[in-house]
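One chain, subunit A, links the two complexes that follow: it is found with subunit B in the first and with subunit C in the second.
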Partner chain A sequence: MNNKLVTMAPWLAYFLIFGSLVFAGGDHTIHIASQVIILGLFAIAFNVLFGTTGLLSFGQAIFYGLGAYITGMMAKSFGGDFFVWALLIAPVAAITLSVLLGALSLRLSDVYFTMLTLAFAQLVWGICVKWSSFTGGDDGIQAIPKPELLAGGLNYYIFSFIIVTVCIYLLWRLDRSPFGAVLKGIRQNPTRISFIGLNVFRHKLLAYMISSGFTAVAGGLYAGIDKSIHPDMFVWTMSGSIILMTILGGMRSFFGPLIGVAIFILLEDVIGRSTQYWSFVIGAIMITVVLLFPKGVVGISRHFAGLFAKKGGQLDNP
Partner chain B sequence: MSFEIFISQFFGGLSVAMLLFLVASGLTLIFGVAKVFNFAHGSFYMIGAYFSYQAIALFDNFWIGAVAAALGAGLVGMLLEICFIRRIAGREEEGAFQILLTYAFILILDDAVKFIWGPAYKTISKPESLAGSMDFGAVTIPTYNLFIIVLGLVIVVSAWYVLSRTKTGKIILAASTDTQMVGMLGVNVSLVMSLVFGVATAMGGLAGAMAAPLRTIAPGTGVEVIIDSLIVVVIGGLGNFWGALFAALLIGEVNAFGILWMPQWASLLSFAVMIVVLIFKPKGLFSREKGRKKI
Partner chain C sequence: MTTLELRHVNKHFGGLHVSRDITMGIEQGELTAIIGPNGAGKTTLFNEITGYITPDNGSILFDGVEITGAEPENLVKMGIVRAFQVASLFIDETVYDNIYLAALAFHGKNGNIFTNRQTYKDVAEHCHFILGRLGLSGKENLKAFELSHGDQKVLDIAIALTMKPKLLLLDEPTAGMSPDERVKMTRLIRAIHEEFQLTTVFVEHDMDMVFGIADIIRVLVHGELIAEGNAEEIQKNPAVIEAYLGHEVL
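Let's look at the complex of A and B:
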């Protein structure tokens, strides 16, 4: 009973916080909250690769941007009613591309993998900027139409909240499934996983495909927030920020990345507006987290929770 | 394409390749010896250029600028190694955290130069003694480009000499193979690592100062440079000194001729070369390992 409560507690908090915003939030709060849940989905999907499987990809912005551009460009050419359908097409396209890129990059490990994903990301970003007749170049695409029902900020937030919740639930189930256990095994000891008779490469590729598909959904949803998309969604600092948010929250916990995104976006809203040296602040936070709190906010709170539990004499509680 | 254009493009590519090699060889040296992937290596190129700009503004001498660039970048590099990079050595998933830590350096150094020197572009002019150009029959080549090629060759040869013919080089190579054993023989390994880091970043800073008269100095140039040197290092094989030289020449020439062939897309050609290499030789052109890993 107690155990079940512990597993469900993050979900309870999730629904309480993001659900209550539907009734209580002003325009600005709703805008921020939309960003948090959409980037939260991106970060949780990224963590399937990083925290779970141990693959540091510096190129997940490819799939984020791809999702945004597919959704945005389709809605722009076929009309607002197509927006929702495009959201379904985006992950299919991203998964197709991820098979190709994954087959090439997952043959390498560690730093080679990271660098190859970065190179692919730069290539895609370069194509997006240079092929301006098709993608709108540096300016991106503005005034993306949406269905009338999703026009307002609040309606769009509810729509995003439902989709993001379904996606996070699927990823949560995946994390706790035997497949998720194999991915964690690959992170800890790939050789042993292959001794059991499982194909490490195929599992890595599946993780890459799943992560990329959900990332594209996040990108597609983001295209609807401000109704505009731009090549910066492909740029490598986008991937870098997602990595930072993931570590900040805690890469060893399922909901950690979402917490990291929330902290990051709130900080950006408060500090980022008042200084032009925002990347300096990001860098300083990153160094602090990497040096002192590699387990992130969730790691710190678990540490303190552990201390209290010992004082209370609940040593048998895992 | 006429012969004259061919030759002048070739020499242009060669000087770009030498600058690229100066940065990439530092990157590959740090990785080969200290097993650290320095994502921020391009940022040392950038601060080298800024240090040289500042020194030239103060002393009005190009060569003092070059020395200031190398010394300054080297010192900042050693400082960052001692204060930060060393702290995470030996941790679980060290590689990922190194990349993130050095990624943070990129962000901080970019903003630091913006804060000190402002966001506007800076320029340095070539030293007067090298400002002219040399005539070789029908072909004219800027003296400065020839100087960079010669300088690059001098550094290649001296680095090779130090690494393979002196005791210092032997200690460095031994420390990269078995840190513990070398430590037990009485060598201060962490000092060696810091020095290697300092020399490598100094080479990056020098490259920045040498490239400054040909390009502009601006915040964010570090990122362009690191991407180019990554391509070079990955093609040549991480930790492979001669591989980096070959790959730098390849990328330099591909860019020089690519710009004639398809001007708009030339900047993407190096990625294409890298991807082709990685498909057939995932660990670089000169690795002995063949094909895919069997896991």
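Let's look at the complex of A and C:
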């Protein structure tokens, strides 16, 4: 079996699908595709914590919302040309905040970490809603300006596609790096990690910073899709949806979260048009996948691939 | 030279006194067995020496340096490395990747975020040396959970050895092994002790093994160090016979 081909196949599919939309997609499709890649980046960045390190953060929406608000508010205050610069400032701000929140929460046991991240997220959401003179409150921010060049839906999709691809590529490198190997080790056996001479907290904190930084980039990009943002981006159900989508797609696979996002958003779009009970349908699908295939959609395809070709090449053999 | 020194080390768990004023000195190059009934506090003693828990009072010195209360990861860097009573592995990873992770840590590559982990020749060589030395070579592509119980214990020791220890602590290395595996493990411990010029401390219930390879035997009962000496001295020690060995061994 050709190992190179196996590792590159998902990338090939990624470029074929999201690249071809540049030439073939109508307005609506491009709008959906923009959401998929941006939330896909969010989910893949989230999964650095969840599937890789074994940390369930219920508060990653903080960094998503923060990225969106920094980008939206800066573009609004300083003009459309500032939009792209704000996309660089957003992750820096998110990383700074993540150091603070991480230092407070990452030494705690897993359950307390999850609860504390949830509490932080609700706090930030509360501030965003109440401090309306600064954030626009419940109404959020509308008519966010962008540079001329990024004005149309298609142009903005191409721009997002490039940035998301670079980010996903960096996270893919991380997944296969020595640091990524340490994170997987922390998930499986943190005690052993200490006893091979590594500080668990420091590695978790770095993972948290990286995840939060990329999440803010996703948030910033989102501010440009509809040129409007709202406090719901901070709310815990936002974090919850990302968790669901990640599980749906498969948290043990690098591209699983992106696949989960794509399925989720497509279903929402298709079913949402015919019934108002789409969340019920999604719920039923989720339960089915989780019960029958705890490894997600990627697990399903691996399962059936396994039926045909017993014993596949391992992903990261030496 | 004294490699490890314990001075009046005490530890309580609630009302249970698990380390009772333990004082001992382990010389460099010594192969020490710690024996004692279940619940005597042997694993607890290992936990104190390796920084997993901190003694209530007393002090622990390594090469003359006070290490009481230091973190495990810092002690590993100083050369104090352990294997566990229940093998402590990265259970979903292959045998090779278990050792690879330890080697990455040893070579300080753990913080490298965007490099491919397969690029390091020195790390790979280190792994293959360890795999070969511990007889795991044919099994490197098996997942840790697929290994037999005995091989899991070997892999646990392999991870420890990858860290190039000065002081190696092995907690019941032959527990749950078949007689064949025990013999192999006993030989392995003696061999690596000499080859890697280690100071080795192991906890063991198999008296053949203890009396067969240990230079010094220390007996722990109810958290108290009741005797230390060579095989002959221990076998003759009345307190040891009374408290632990009983009649069956002698």
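By definition in this document, the second predicted complex is superposed on the first by the 296 of 318 C-alpha atoms of A that agree within 3 Å, B and C clash if a C-alpha of one lies under 4 Å from a C-alpha of the other, contacts with A are read in each partner's own complex, and residues count from 1 in each chain.
Here is the rule we go by: a contact is a pair of C-beta atoms (placed from the backbone, for glycine too) under 8 Å apart; a residue touches a chain by one contact, two chains touch by 3 or more.
Treat the numbers as computed from the prediction; the structure is a model and nothing was measured.
Judged by the touch definition given at the top, the superposed model places A:Pro178 against subunit C, while subunit B stays out of reach.
In the superposed pair of complexes, A:Ile210 makes contact with subunit C only, with no contact to subunit B. After overlaying the two complexes on the shared chain, residue contacts for A:Gly136 are found with neither subunit B nor subunit C.
Contacts of A:Ser194 after superposition on the shared chain: both subunit B and subunit C are touched.
Under the contact criterion defined above, the residues of subunit A that touch both subunit B in one complex and subunit C in the other are 191, 194.
Across the interface of their complex, subunit C is touched by residues 170, 173-174, 176-182, 184-185, 188-189, 191-192, 194-199, 203, 206, 210, 314, 316-318 of subunit A. Here subunit B touches subunit A in the complex through residues 31, 37, 84, 87-88, 91, 93, 95-97, 99-101, 103-108, 110-112, 114-115, 223, 227, 230-231, 234, 238, 264-265, 267-268, 271-272, 274-275, 278-279, 282-283, 292-293, 295, going by the rule given at the top.
Across the complex, subunit A is touched by residues 50, 52, 71-74, 76-77, 81-82, 88-94, 96-97, 100-102, 104-106, 109-118, 120, 124, 127, 140-141, 159-160, 162-163 of subunit C.
Per the touch definition, subunit A reaches subunit B in the complex via residues 50, 54, 56, 58, 104, 107-112, 114-116, 118-120, 122-123, 126-127, 130, 190-191, 194, 200-201, 236, 240, 243-244, 247, 277, 279-280, 282-284, 286-287, 290-291, 294.
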